[in-house]
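Presented sequentially are two complexes of subunit A, the first with subunit B as partner and the second with subunit C.
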Partner chain A sequence: MRRYLRIWRIFFTHSLIQDLEYRLNWWLNAFNTLLFLGSSALVLWVVFTQADAIGGWTFDQALTLLGVYLLIEGVTVVFLVPNLNRVPQYVRKGELDYLLLKPIAARFIVSTRYASVWWVPQLGLALAVILVGMARQGTLTAGHLGLLALMLVAAIGTLYAVWFALTTTAFWFVKVDNVSELFTAFFAAGRFPVSAYPGWVRALLTFVVPVAFLTTVPAEAAAGTLTWGWALAAVGVAALLLALSQALWRYALANYTSASS
Partner chain B sequence: MRWRPRASLGDVIRVDGLRKVYRVHEKEAGLRGSIRAFVDRRYRDVVAVDDVTFGVAPGEVVGFLGPNGAGKTTTLKVLSGLLHPSGGTVRVAGFEPRRREGAFLRGITLVMGQKQQLSWDLAAVDSFLVNQAVYEIPDAVYRERLGELTEMLSLDGLLRKQVRKLSLGERMKCELAAALLHRPDVLFLDEPTIGLDVTMQQQVRRFVADYNARHGATVVLTSHYMADVTALARRILVIDHGRLVFDGDLSALVEARAPEKRLRLSLSERVDRADLAALGRVHAAEGLEIELGVPRADVARVAAAALARLPVVDVAIEDVPVEDIVADLFAQGRAARAADAVRAAHEAGAAAGGRG
Partner chain C sequence: MTALGANWRKGRALFVHAFASMTEYRAEIVIWMISGSLPLVMMAMWIGLAADGPVGGYGAADFAAYFLVVFLVRQLTVVWVIWELDREIRLGELSPKLLRPIDPLWGHVADNLAEKAVRLPLVLVPVVAGLWWAGARLPLTFESLAGFGLLVMGAWVIKFFQQYATGLLTFWTDQAVGLERVWFSVSMVLSGALAPLDLFPEAVRGVLPYTPFPYLVDVPVQALLGRLGGAELLQAFAVQGAWGLAFVVGSRWMWRHGIRRYGAVGA
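Coming up: the complex of A and B.
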C-alpha cells in the first residue's frame, strides 16, 4: 500500500514537471472554469427568480449540486481522462508489455500514470462552491460533510469503474477513442437534479448510466435530504461496478497475454 | 542438421516442447472482404513456435538466431510471461512465467530494441525513480547501482536530458540501465542493438558481456547482427519457422557446416588457373587476388605449397564467415520445405486423380 502511494506521488510529480512547461495553459484553464461557474450560476439564478424550486430543489441546493458536478468533472479531467484515454494506445502499440513485466498491478499504473495538473484549480473552486452552498443551507456540519465525502468517493468509484470498463473493451475493439466523448455527453446531464427530468430519463440516468449516483446523491447528502437507503445503494453500486470492471480487466489481460505482439 | 537437446536439472531456463499458436482472423482485401469478415469471422492458426526444447545453465549467454518471423520474439515473450504457451512447459528460475508472480518478475528483465519503457517527455532518471519505487530498491542500493551502470554504460550527461532528445543509441543505453536497476538474474534481450551504429553496437555488446561476468546473470539474446552473437554467446540456438534447427557451440556449428577454411593469396603476377586448382577449390579469383577453399586439415600443407610454388606477396587464412554458414542453414530449410510442399501437392493430385 505504501509502495502504491509512493509511486502515485512520483507519477503526480512527473505530471507536474511536464505541465509546468505550459504556464499559460494553467491560467487559461482557471479562467475557463471561472467562466463556466459564473455562467452556470447566472443561469441558475435566472431560473430561480421564475420559480422557487425545480424538481423540489431550492436555489442553494441546486448551487451545491453545481459544485458537486464541477468537482466530479474536475476529478475526471485531472485523473481519469489523461489515463483512461491512453488505454487504446497501450493496446494498439503493445506498450502494455513493459507494464506487465513489473511486479505491480498493471491496472494501477494504467490508471495513475498521468494527471492533468493544470486543471487542479477547478477542484478548489468546486469545493468552495459546495461549502458556500452548504453554509447557505445551514447544513455545514461534520455529519453532513462526512456523508458527503463518502458519497463523493462512491461517486468517483462508480464513474471510474464504468469508464474503465468501457476503455477495457479496447482489447477487442481497438478503436474506442470516442468512449470518453460519449461519457461526457451523458455526464453533462448531471448538472441538474435527476428529479428535474421526466420519469423515463430519470430511470435511464439512475439505472442504465448511473449519473444519479454521480451528482444527485452527493448533493442530497450535502443538503441533508439523502435517505440511508440511497446512501447504501450508492456504496453498493460503486463496489459492484468496481468488482465487475476488475473482472473484465483480468479477462482482457488473459486474452492479451495469450496473443499479443 | 542434428542438434543435441540440452536440458538438465541445474538449468535456470527449461523449455520443453514449447509451442505457440497465434489465432489471427482472416480478412480479404477491399470493402466486400471487410463486410464478409464482419459477418462471418474466419480464423487461421499461425504456428509461431513449434516443439522447441532447450535448457540454459545459470550464467550462460545464449544467442538466438533466425530469419524474420522465425519465432524468436515469441519465444522470449513466452519466457518472460507476456504470452501464454499453447503447448509444452516452460520454467524460468523455478517459476512458471505465465503466472507472472512477483518473485519471478523481480528476477528477470526483458529489453526489446523495438519498444521503449522510458517516458518520452521525462528525463531518464525520472523513469528510473519509478522503477526504484516499483522494485522497492533502497536509496543507498539504488545510488550504488546507478553509479555502476553509469560507469559501465558511460551514461554521464545523458540521464538528465529529456528522453526524446537523446539519440537512438543513447536512448538504448538508458533503456538497458532502466531494465537492470533491479539487478535481475535472467536477461532476455530482443535485438538490443537494432539500428545502432557499429561503435554503439560494440559498447552495448561489451556492456552485456561485462554485466554477465560481474553478476553471473543468465542472458538470452536475439539479434540479426551476427557479430553480436559471435562476440557474446559461445552457444547458439538457431530457429527457423518456429523449429529449432541447431543448438550447440558456435565453433561446432562452424566446423560441422564449414569443413573448409579460406586461403587468401595476393600474387605478384598472374598464374595459370590450373596451378591454382591443383592446390584447392578456387572460390574466387579477381586479378591477382585469389581465394581458395581448403579442407581444414590441409590448410597448413596447402599454404606451404602455395608459398613454395607461386609468386605470393601476402597470405591469409580465414574461417568461412558465420553469416554465410547460417544463411546456408536457412536456405537448406527453405529447400526442404519447398520439397515437402511439392510432394504434398503431388500426393493430393494423385489422390484427386484416383477419385476422378
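Coming up: the complex of A and C.
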C-alpha cells in the first residue's frame, strides 16, 4: 500500500512537471471554471426568479449541488480522463504488453499514470462553492462534513467503476474512444437534483445511469437531508460496481491476446 | 470554361469526397449527437418545474417545443473546425494543403456541410418524435419555415467563422483551444440553449440583442415557433448578417496575416 502511494506520488509529480510547461493554460482553465460557475449561477438565478424551489430544493441547496457537480467533474477531468482515455490505444497498439510486465498491478498503472494538473483550480473552486453553500444553509458542522466526505468518496468510486468497466470493453470493441463523450452527456443531468425531473427520468438517473449517486446524494449529505437508507445504498452501489469492474478487468486480461506479437 | 463553372466543379468534387468519408462516420455522428444533448436535460428540468402550472408563460409542452428545436438548431450548426486548425497548424499538416491551388478554407466548409447532410436525417427523427410525443405543435407557415432556414444558415456562418478565426490564433499562440472553451461556456448560456432568453432578468435581456449570442440559438428557435413577426424577422436577418459578415472578414484578415508567420513544423 505504501509502495503504491509512493509510486502514485512519482506519477503525479511527473505530470505536474510536464504541465508546468504550459502555465498560461492553468490560468485559462481557472478563468474558464470561473466563467462556467458564473454562467451556471446565472441559469440557477433565472430558474429561481420563476420558481421558489426546484424539486423541493432551495437556492442554497441547489448551489451546493452545483459545487458537488463541479468537484466530481473536476476529479474526472484531472484524474480519470487522461488515464482511461488511453486504454483503447494500449489495447490497439499492444502497449499493454509492457504495462503487464511491470511488477505492480496493471490496473493501478492504467488508472493513475497521468493527471491533468491544469484543471486543479477547478477542484479548489468547487470546494469553496460547497463550503459557502453549506455555510448559507447553516449545515457547516463536522458531522455533515464527515458524511459529505464519505458520500463523495462513494460517488467517485461509483463513477470510476462505471467508467473503468466501459473502458475495459475496449478489449473486445477496440473503438470506444467516445465513452467520455457519452458520459459527459449523461452526467450533465447531475447539475440539478434528480427530484427536479419528471418521474421516469428520475428513475432512469437513479437505477440505469447512477447520476443520482454522483451529485444528488452528496449534496443531500451537505444539506443534512440524507436518510441513512440512501447513504448505505450509495456505499453499497459503489462497492458492488467496483467489484464488478474488477471482475470484468480480470476476465478481459485473461482473454487478452496482445496486438503486437 | 467560365470561372463560375470551374468553381462549381471544384466545390462539387470537394463535397462528394467529404460526403463519402462522412458516411463512414455514421456511428460516431450518433454519439456526437448524444453529446449535444444538454438542452434535453434542461428541457426535462423545466418540464419538471412547469408540472404545477406554466412558468414564465411557458407550459410543459411549450418548454418541450422550445428545447427540442434548440437541440435541432445546435445539431445543424455544430462546428469543430478549431480542432482541425489547431492540429494542422501546430503539427505542420497545413503545409501540403498550401500547395494545392485552392484555399484550405473550402475543404473545411465542404467537410462540415457534408457532415450536416449525413446528420440531418438522423436528427430529424428524434426531434419530430419528441415533438409529437410531447403534444407540441409547430405553426408551420411559409414565413416561419423560410425564416428558420435562413436564420439557421446565418447561425452556422457566425459559428463557423468565429471558430475559424479562433483556430487561426494558433499561428500566434498555442492556447486557441482554451479560448474557444471560454467562448463556448459563455455562448451556451447567452444563446438561450439552457433557458429561454425571455425568462432572463431585464438587465441581461436589454444587452443581449447587441451581442451575437441570441442569433445562434434563441432567434432561429423563436422563428420556427412562429413567435417572430415580419418586421422582427427582417431585423434579425440584418443584425445576424452583420455579425456573420464581421466574422468572415475578420477571419480572412487573420488568415492573410497569420499565414506569413506559419513555421511549417515538420516540413
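Everything below uses one rule, namely that the second predicted complex is superposed on the first by the 257 of 261 C-alpha atoms of A that agree within 3 Å, B and C clash if a C-alpha of one lies under 4 Å from a C-alpha of the other, contacts with A are read in each partner's own complex, and residues count from 1 in each chain.
Note that a residue touches a chain if its C-beta (ideal position, glycine included) is under 8 Å from a C-beta of that chain, and two chains touch if they have at least 3 such contacts.
This structure is a prediction, so every number in the text was calculated from the model and none was measured.
S.K.: Output check: A:Met1 vs subunit B and subunit C. Expected answer is one of first, second, both, neither. What do you get?
M.R.: In the superposition, A:Met1 contacts neither subunit B nor subunit C.
S.K.: Between subunit B and subunit C, point out the one touching more subunit A residues.
M.R.: C
S.K.: Of the two partner chains, subunit B (first) and subunit C (second), which one does A:Glu95 touch, if any: first, second, both, or neither?
M.R.: After superposing on A, A:Glu95 lies in contact with subunit B but is clear of subunit C.
S.K.: Is A:Asn32 in contact with subunit B, with subunit C, with both, or with neither (first, second, both, neither)?
M.R.: second
S.K.: In the superposed arrangement, which partner chain does A:Ala196 touch: subunit B (first), subunit C (second), both, or neither?
M.R.: Only subunit C; A:Ala196 stays clear of subunit B.
S.K.: Mind working out whether A:Ala142 is in touch with subunit B, subunit C, both or neither, as first, second, both or neither?
M.R.: neither
S.K.: Which residues, counting only subunit A, touch subunit B once they are in their complex?
M.R.: 3, 6-7, 10-11, 14, 17-18, 94-95, 97-98, 100-104, 254, 257-260
S.K.: Quick one: which bits of subunit B touch subunit A in the complex? Just the residue numbers, please.
M.R.: Contacts found on subunit B: 22-23, 77, 80-84, 98, 100, 102-103, 105-106, 108-110, 112, 115, 117, 119, 121-122, 126, 129-131, 133-136.
S.K.: Quick one: which bits of subunit A touch subunit C in the complex? Just the residue numbers, please.
M.R.: So the residues of subunit A in touch with subunit C come to 22, 24-25, 28-29, 31-32, 35-36, 39, 42-43, 45-47, 49-51, 54-55, 178, 181-182, 184-185, 188-189, 191-192, 196-198, 201.
S.K.: Could you please specify the touching residues of subunit C with respect to subunit A in the complex?
M.R.: Residue list for subunit C touching subunit A: 28, 31-32, 34-38, 41, 44-45, 47-49, 51, 55-56, 174-175, 178-179, 181-182, 185-186, 188-190, 194-195, 199-201, 204.
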